[in-house]
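Across the two complexes that follow, chain A remains constant while its partner is chain B and subsequently chain C.
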Partner chain A sequence: MSTELFFQYIAAGLTYGFIYAIVAIGFNIIYNTTGIINFAQGEFVMLGSMTAITLNAFMPLPLAILLSVLITMIVGAIMEMLFFRWLESPTVLRMIIITIGLSIIIREIALAIWGENVRALPYFTGNEVTSVSIFGAHISPQVLWVIGICSIVVVALQMFFKFTRYGRQMRACAANREAARLCGINAKNMVTLSFVLSAGIGALAGCVVSPITYSQYNMGVPLAIKGFTVAILGGLGNSMAAVAGGLVLGILESFSVWIMPSAYKDAISIAILLLILFFRPGGLFGRKEELALKEF
Partner chain B sequence: MAEPLLKVEGLSKSFGGLEAVKDVSFEVPRGSIKALIGPNGAGKTTLFNLISGNIRPDRGTVLFDGKEIQKLKTHRIASCGIARTFQHIQLFAGMTVLENVMVGLHTHLHAGFFSAMMRLPSSRKEEKKAKEEAMSILESLDIAELAYKEATSLAYGQQRIVELARALAQRPKLLLLDEPAAGLNIRETAEMGRLIERIRESGITVFIVEHDMSLVMKISDEIMVLSYGEKIAEGRPLEIQKDPEVIKVYLGEEEV
Partner chain C sequence: MRFFKGFLLSVLMMAFMVFPVYAAETIKIGAILAVTGPASFLGAPEANTLKMLADEINSKGGIKGRKIELIIKDSGANPEKAISFAKQLIEEERVFAIIGPSTSGETLKIKNICEKGKTICISCAAAEKIVNPVAKYVFKTPQKDSFAARKIFMQMQKMGIKKIGVVVGNTGFGKAGKAQLEKLAPEYGIDIIISEVYDKKATDLTALVTKLKAKGVEAVVNWSIVPAQAIIAKNMRQIGLNVPLFQSHGFGNIKYVKAAGAAAEGIIFPAGRLLVADVLPDDHPQKPVLMKYKRDYESRFKEEASTFGGHAYDAFMILVTAIEKAGFDKEKVRDAIENLKGFVGTGGIFNFSPTDHNGLDIDSFEMLTVKNGRFVLLEQK
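Right after this comes the complex of A and B.
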């Protein structure tokens, strides 16, 4: 393999890898506060990119993206308040099934609003033929946007959890909800906040990736599967491991095209998901003792 | 006499057929150390849980600082000024000692969500102040050097102190201590006793469940005895030691 081609694959792998990582972090944030997998996570990504595309007809791109992220965050908040907040000690399974139902509803609403058309946001800089040369590989500037913005999101989230009182409260709730309540933390608000955050980062990921992958009402499903694989690969609840997991999956997928037909690309993530679930259900970085404490 | 800080009236709670707490009434005077003792399964922890709000009473009222709190949500009760520690230590895993204590402080922070998100100067200043306050609490408990260690990785006795630090960070009026000396050795227990007395001197009322009789007799102003969910005695340590009923159900077995 030539060096150019190698870096071409790496760049493509990193692009998808970061998107998977962001979706996986979205899963993790909600998992940490509620113990559930939010199967509507992919729909946040779809909503974010579709809304931005519509808004972009009326306003400049940065504003459209900002507004669509805010709208998706509000959708996340409404979703939590309408369907989860009032449940009295619901089982994990019940909540998961609600998220599956919600993902179908959101998808159908999106179909009614936007139809089946495939759309895309314009490239943030340049157009589809613009490329920058890195180590001889020709890389679309949008790839750099994806990698850049996703890295910023990851770092900003880490800062949020580490250095703000809301971040600490969320971690406290994740670690021990009862003790957190007794410290005066409103645990229900923290759950709402986790939906808002997940929706926001999902929407942002949907916007940055839209020019490359295009957007459609059902784009969330494959992303949710990949994101879920990555979250499991890293170990549920561990956001930094999700980044590592995302990059591993992205790069594996990207290089798989070299040895087998690209139609099998998606099979890779499913195969990894199954292997991990069979052999290391705690994830690559998970510990056995931790796993024993998890409900799901 | 001044109004008591905590006044419990006719409190009852059953779990299925078991009456864990039966029609219990008592008061905790301001600035006192009151102890709750009784054999295992007497309902002591249940009574604590009823006061701190993680379980709801079937009947009865809990008046805290003149206000009925038994119907409030758990986190509201905590923000009224009741902090507690647990029989089985409940620290936040994956967080440092300092972070654990800062979580305790949070009801006294005011920065709004967006200013905290954006790390605006006002919230950054508050964050800095919170950190300093948390540090000063750790210093006052002589565990400042543990600030950046992961809380759940510490030795058992140290974890107890961290839990106490977190509760103190809530700046409570009433501190509920559920078996603070459990699992501590003699030296650590004596240290804990001195600590509790110091906490009371700082103006915090203390209500404590404890099995270690020497500790209870030494530090408490008043003792209340619970047996099978019922209050069987209440009084000064010396009276309790002589109470025939208490000796029968409790002290006799424990050979104190």
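Right after this comes the complex of A and C.
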């Protein structure tokens, strides 16, 4: 294989990896505060991109994205307040099942609003055929946008959790909810905040990947499955690990196409996920003890 | 009060007894279409077309004085639903004929039901199996899918292309296309050097097109539906794989061109002439039919007419023409369809025979391409 092709496969792997990673980050925030996997995360991604596409008809792209992120955050808040806040004994299983139900409802509502048409946001820079050449490999500028936004989100989240009051309060809730409450932290508000943040990051992910993957009412499911795989692969709850997990999976998938028929691409990623779960249940970068702290 | 109830009941019963007498003056035509669900891009324009035609004919006094009563059932592309709707239409509604279903899978499931029920079925689906072997009561209007593959290979011969790559989505449509392409390629001296299947929900296909590039293909044939058919076009151009891209006849909707944007330019695909109606030469026999259908459809529904709606147009008009010739006897109408020659429809010029229940030949397909975001005839480019 020539070096040019080698780098082209790497570029394809980066594309997949960062798309998965930016979706995966959304899973981590809710997981960190509540210990649940939000199966409606893919629907946040879909809502964000579909709303932005609709708004983009009336306003410039940056404004449309900003508004759609805000709208999706509000949806996330409403969701949490209506369906989770009042739960008397919020067991993990119960909350997970609620998120599954919600994902179906959101999908059906989106189908009623937008129909089944396939849409897309315009490319942020250039158009469908533009590409940037790096080491002889060609890569769409949109992929660079995904990489850039993904990095900014990861860094911003680290700062938020480390240095802000709300961030620290959220981490306190994650570590020990009872103790956090005794310190005067409103745990319920922290859960709402985690839904709002997740929804916002999901929506942003939806906007930035839309030119590459296209948007449709049911786009959330396959993206969420891959995002979930990557989140587990890296180690749940850690954004940096999600990015690393995304890159590992993306590059493996890309090179699997080189060696094998592309029909097996998804089978390979699931096989890898199973192996990791057998041998490193905490994920590639997670610690077993940390996982044991959660109720899951 | 009791008297009143009894009175009401008897009035109702009378109404029920009287009703069939009125109903007898209409002619019931059933339709099983995938108006919603994964094949709504077929079923929705088909249903619109039928409603439009039924209204038009009824406003002119119906067929031979009898108004059309159109019963459209939405199968959502689900074969099980298609089966129960077919039984319902034949046994309960006792329809004169069935238009549809929209998809090949559904049509194959109800083929035998229509045969047993001795009810004419004019399908809007592509698969060759629908009319091969010939079933007495089953017809279809879209061009056979093997024609699409042949037309593509003929074009490749003209362009001197020998080594190609075939990529398809993992849907029934994609797999059927792959089988046809692999079967017919040797006849045209074309070598398929790589053949790949990808997930229909794939979000990006850069790795796959890189593989095509590495193999040194001279052209790529893609057989899938949205969004993959737009993604493959984008990814090919992005990595600089600048060989001709051929798509299936499933590309025949201007919405897909918009989805692929600049990457759609130069894509070559076979399709019926509806998409290029306005650039057809004026003396083309199909031009008046195509222009009328396109104008009527677009002014009423405010969306671009697609070839799929055209299949329903052909099915309906073939049925109407046959009824006008043969009257209201099902058997005679069936014979009339089988002997219909030179019927000008949107899909082409139909010449039915006892051995050919499709009636179209390979010339019903035209090779089209995309230029400046619009469909044009390849030879005009």
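One rule holds for everything that comes next: the second predicted complex is superposed on the first by the 296 of 296 C-alpha atoms of A that agree within 3 Å, B and C clash if a C-alpha of one lies under 4 Å from a C-alpha of the other, contacts with A are read in each partner's own complex, and residues count from 1 in each chain.
In the analysis below, contacts are C-beta pairs under 8 Å (C-beta built on N, C-alpha and C of every residue); 3 or more make two chains touch, one makes a residue touch a chain.
Bear in mind that the values here come from a model prediction, so they are computed numbers and not experimental data.
Colleague: After lining both complexes up on chain A, report clash or fit for chain B versus chain C.
Modeller: After superposition on chain A, which the two structures share, chain B sits beside chain C with no clash.
Colleague: Would you mind checking which one, chain B or chain C, touches more residues on chain A?
Modeller: C
Colleague: Contacts for A:Cys183 in the overlay, against chain B (first) and chain C (second): which applies, first, second, both or neither?
Modeller: In the superposition, A:Cys183 touches chain B alone.
Colleague: Counting only touches as set out at the top, which of chain B and chain C does A:Val257 meet: first, second, both, neither?
Modeller: A:Val257 sits against chain C, while chain B stays out of touch.
Colleague: Can A:Phe285 be said to touch chain B (first), chain C (second), both, or neither?
Modeller: After superposition on chain A, A:Phe285 lies in contact with neither partner.
Colleague: What is the value, to the nearest 10 degrees, of the angle subtended at the Cα centroid of chain A by the Cα centroids of chain B and chain C?
Modeller: Once the two structures are overlaid, it is 150 degrees.
Colleague: State whether A:Thr164 touches chain B only (first), chain C only (second), both chains, or neither.
Modeller: A:Thr164 contacts chain B only, not chain C.
Colleague: For A:Ala120, using the defined touch cut-off, is the partner it touches chain B, chain C, both, or neither? Pick first, second, both or neither.
Modeller: second
Colleague: Once the two structures sit on chain A together, report how near the CA atoms of chain B get to those of chain C, whole Å.
Modeller: The answer for the closest chain B-chain C C-alpha pair is 32 Å.
Colleague: Find the residues of chain A that appear in the contact set with chain B and again in the contact set with chain C.
Modeller: On chain A, no residue contacts both chain B in one structure and chain C in the other.
Colleague: Considering only the defined contacts, which chain A positions touch chain B in the complex?
Modeller: Within the complex, chain A touches chain B at residues 159-160, 163-166, 168-169, 171-172, 175-176, 178-187, 193.
Colleague: So in the complex, which bits of chain B are touching chain A?
Modeller: Per the touch definition, chain B meets chain A at residues 52-54, 73-76, 78-79, 83-84, 86, 90-95, 99-100, 102-104, 106-107, 109, 111, 113, 116-117, 119, 123, 127, 130, 166, 170.
Colleague: List the residues on chain A that touch chain C in their complex, please.
Modeller: 1, 5, 8-9, 11-13, 15-16, 19, 116-120, 127-131, 137-140, 209, 212-214, 216, 222-223, 253-255, 257-258, 261-263, 265-266
Colleague: Help me check something: in the complex, which residues belonging to chain C touch chain A?
Modeller: 36, 38, 40-41, 170, 196-199, 201, 203-204, 206-208, 210-211, 213-214, 226-227, 230-231, 233-234, 237-240, 255, 259-264
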